[in-house]
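One structure coming up, written as structure tokens, with questions to follow.
The first chain written gets the first letter, and so on, giving A, B, C and D; residue counts start at 1 in each chain.
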């Protein structure tokens, strides 16, 4: 039985608590939050769970095995490092940290101590992304040409992060999971329309050595909500519309093929095939439940979770590079190779 | 009565012929095409129209007042310049020319000779774009924050132009028409997946002095067709889905507003309003008919058409800059000011 | 402060409890359910609420002012009558009763005792239906021609009610609320594909003296979920798609108009106008909260709720007539006039 | 080479002419229409085709092998019978005739003379319906439970036919083709909102001995266009949305299954399976071309076409019965058995 402490009961904390409460091999012992109203909420809903305003007490509590941090990103590094140094397994909300240097230090600390570090990139645990990974891994798409995501809505402005950290972060993790390839360069553009606020719309292009290209369009200023991904391959293509209630993922038997018809020697030699479309059934288990279960399983069995600290670090590296490129109006920023982590 | 000669009866020429035949003050006298099969098509459908394989004969024919060029873009400059030098009014398919230098030379020649030069940016004559311009011009949107277009499909690959020239060209013209502002910088990325072919997908960011930003996503490799534009303003926002049969343009009474609630002094001061949506009725007259009529009217009344050579030139300048930036993986390319034309 | 007892904590009871708990002038004192697991759920979630397996104790409890019955329909009459006879105000789930005779007896009993009886036709309290009523009441549609609803899905089969009682019941209440007109005749057809089960799909036509006609298509056997209503009038028409996230209700400026052009004297004299579409902003307050609030307000202020027993009775009359017609393969069944209640 | 004469060049005649012109084994010799403007249209577009205002001349012309009748339905019987008596093969627009007696007489006359009679139920030649038939015929759906169609729009009012003849006629033919079963009873309701005009909306229920039930909702008074069919079976279900550009037909691996779990002995014993969805690629050949080719092939090879006179007759019988039931406000009308034709 793993005893868990949760730090932060704001927007996402309640989801962590609700899901962790259902895990058979874990128990949430305590929730820490500075706001007495938040603590009162916990007490009313879950009378068996203790609360505190003193974060330090969690680190010192020898009955706590694992700590989940669901606070604003600017406190992730300090709280996470304290937890690891106290010998606690660690769950960090995404993005993992503000800088890649911080992320790398957490990865190293967890490694050194043999602790399980997971980053809550919930999206890669959804039935949709797991199915897409299965299709990609089976080679059904052929050579991957592109990944193209649109993730816009009239959303709440974030105070401490720009729209890349808030929305594109999902795509950076999904791409990493689907293709296991790290971009080598990034070019981004974006804008903050309101002085003193972070960028509220951004367009990010990622370049990969395999020839794949990715593009992500994120905005907090759209009149309609869109959550859409296209993946194009030489044999098949995928669309993923997260707002579609029944058929989120569609696989198109459409690809590009070449012809050598001599009569067309001066013509473009690209032909098209069009075929069936197939919408696979998706597992609808709540993604956060699966992620929680994996964290506990990995702690017990000393395994590496899917969304481990290295994945979290790679995502932070892309956020960093994209933000830097965006502030240079699209100038190319090069990234280190994935295997050089 | 304006006598027209058409050069080129390939993909678009038949549309020109069909529409010009219906104009009350014009008459198509002759169609030139090198391919005898194309000429035969003209003869069968329109027995009263002559055909020829000799383009030069059109320039020398004193009975011809105006020439429409619907050939591949690499011949636009030479044919257009010959037409102007022969004193003919000129219709050029889009994009106007391969280079901005060529476009500028055509503009100057037409000016010098007092001839009417129009570029067939058909899209800006559609009921949808005319209605959007009306709404923008009335100031209903408030301050313009962004223009965001997606224009993708599994289309025919073009031999002589990349996807920017083929698809983004529409958006460059629409933006020019809607906002009458020329970008000052561009950052683009894109890729050609098939060696020896032009780029088949591209993402273009345009920066404007007013603070507006535009972004255009174009591709010939998408499994589904999308023709979508979002325009965001401080008071209202517009969506335009060209594939929607009955309600292409929707105006959302959604905007961003600021609050000065002192209790939120440390909070992001951005509020949201959400209100009604309104889908105005659009004129469904064929856009090409309207463009043709305007060309003839401008010739007769010596007026300047909406899609004049200067608009065509500005579009070519953006294509040039975007293609250059794309080949530099997003490096910023600066454009001259619009009023410096 | 109105003290409430709830009978039944199955599918809908939890929604009642959650909403009643938030009402400022009411308090849920006790929940009765035969199933100990259901009672345990109440105790865990709401420690301050008592539970019991003894329904009779609620009727005898003088501290309880009002009782909400959320049990299967076949117990509504007996429980409702007991509550009224014990002097309690009454909330009944829909449909109100199994027979119109039962409904009429409850209405009379509540009248005699001056108790507030409400039937939980939640749908008429939604922002969408309230907005539609506002539009209809303002006369914007002109003469009403038809109401046409499709309400299908691959749903759970009900044991004790057919698909008319389960799904068409919503439309019967909505029509009553929108047009305040009671049908004079009904013709229905339907089928049960599985021996021994109630009808799982049905098509109901309702005829009205005003010339309006209504049609409702309900099914538990559709592969996709549809919740769609069309209302056609001589001036405008409405569509209501309940699954549409942002624009559920659309008002079309489309109607039918007649011409007297003498040249068309032998032609059909019906012309069409097509105009703008308008999607009004809808209030998104939970409908059940509004209904709960209205019940309490009406108890305190001795007013008649919107979904009073008479509305509930009229709905049961239509269910009865439609079921009867369905079993006669569409034979016309006549209904009493509304004002003859 | 089959020589064809066409009677009627109104709404549909031009489509017949255009398609018949492309058939390799046929030639349109003459088009008859009373309106000189229509004849002029033919002459301008197809200089090689003769025209006439004298219908009788077609029957007397020994060079004409086959006649296509595209006039209003009230002239179908007289013109069709004259053509057959003159020994011409016959193409009739749908619906075949005004009455089933007329249809039966035409079938008998064609049989007696060994002439090929086809009725232009174009819809059953579409790629979508052919694919659906293939799926049904393969038994993939299991037992067929229902066919449910919605076919509404704000259309032109017909002078000489009601909305059943105009729109539901398609579904009667599609059902006949898909399931090869004739209904044994029909119940319909409908209304004409404008005095002196035919019914403009109608709802038709068809009952079949196999236990299948069909329902068709047709209207000329809807603010939006809908062309939608659902087919439900015990194993799979189909949706067909004719307005969907790329995926008209979807096959859902959803069905109903029963459980005998003893723990649920008092519960409804219906379970649900949900699985993949599959959208097969459809042949996009123009349906009218295929129908035309089949007519010519059947004339030459003395075979029976898919949409033969018997199918046309069965459709007229259903129109007749549905119209009769509609005027009786849903009273059940019984039909003869299919094999009693």
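Side notes on the structure shown:
What we mean here is this: contacts are C-beta pairs under 8 Å (C-beta built on N, C-alpha and C of every residue); 3 or more make two chains touch, one makes a residue touch a chain.
For reference, the UniProt names are A, B, C, D = Gfo/Idh/MocA family oxidoreductase.
Just so you know, these numbers come straight off a predicted model, no measurement behind them.
The set of chains in contact with chain B as well as chain D comprises A, C.
Comparing mean CA positions across the assembly, the chain most remote from chain C is B. Annotation: B-C is the more contact-rich of the chain pairs A-C and B-C, by number of C-beta pairs in contact. As a whole-number value, the distance joining the C-alpha centres of chain A and chain B reads 39 Å. For this pair, chain A with chain C, the centres built from the Cα atoms lie 43 Å apart.
Chain centres here are Cα averages; for chain B and chain C they lie 53 Å apart. Those residues of chain A in touch with two or more other chains are numbered 224, 246, 274.
For chain D in complex with chain A, the residues that touch the partner chain are 246-247, 250, 253, 274-281. Contact residues of chain D toward chain B in the complex are 47, 224-225, 243, 245-246.
If you check the complex, the residues on chain C that touch chain D are 145-146, 148, 150, 152, 154, 156-159, 185, 187-191, 193-194, 197, 201, 203, 205, 207, 211, 213, 215, 217, 219, 221-224, 230, 232, 237-239, 252, 254, 256, 258, 267-268, 270, 272, 274, 325, 328-332.
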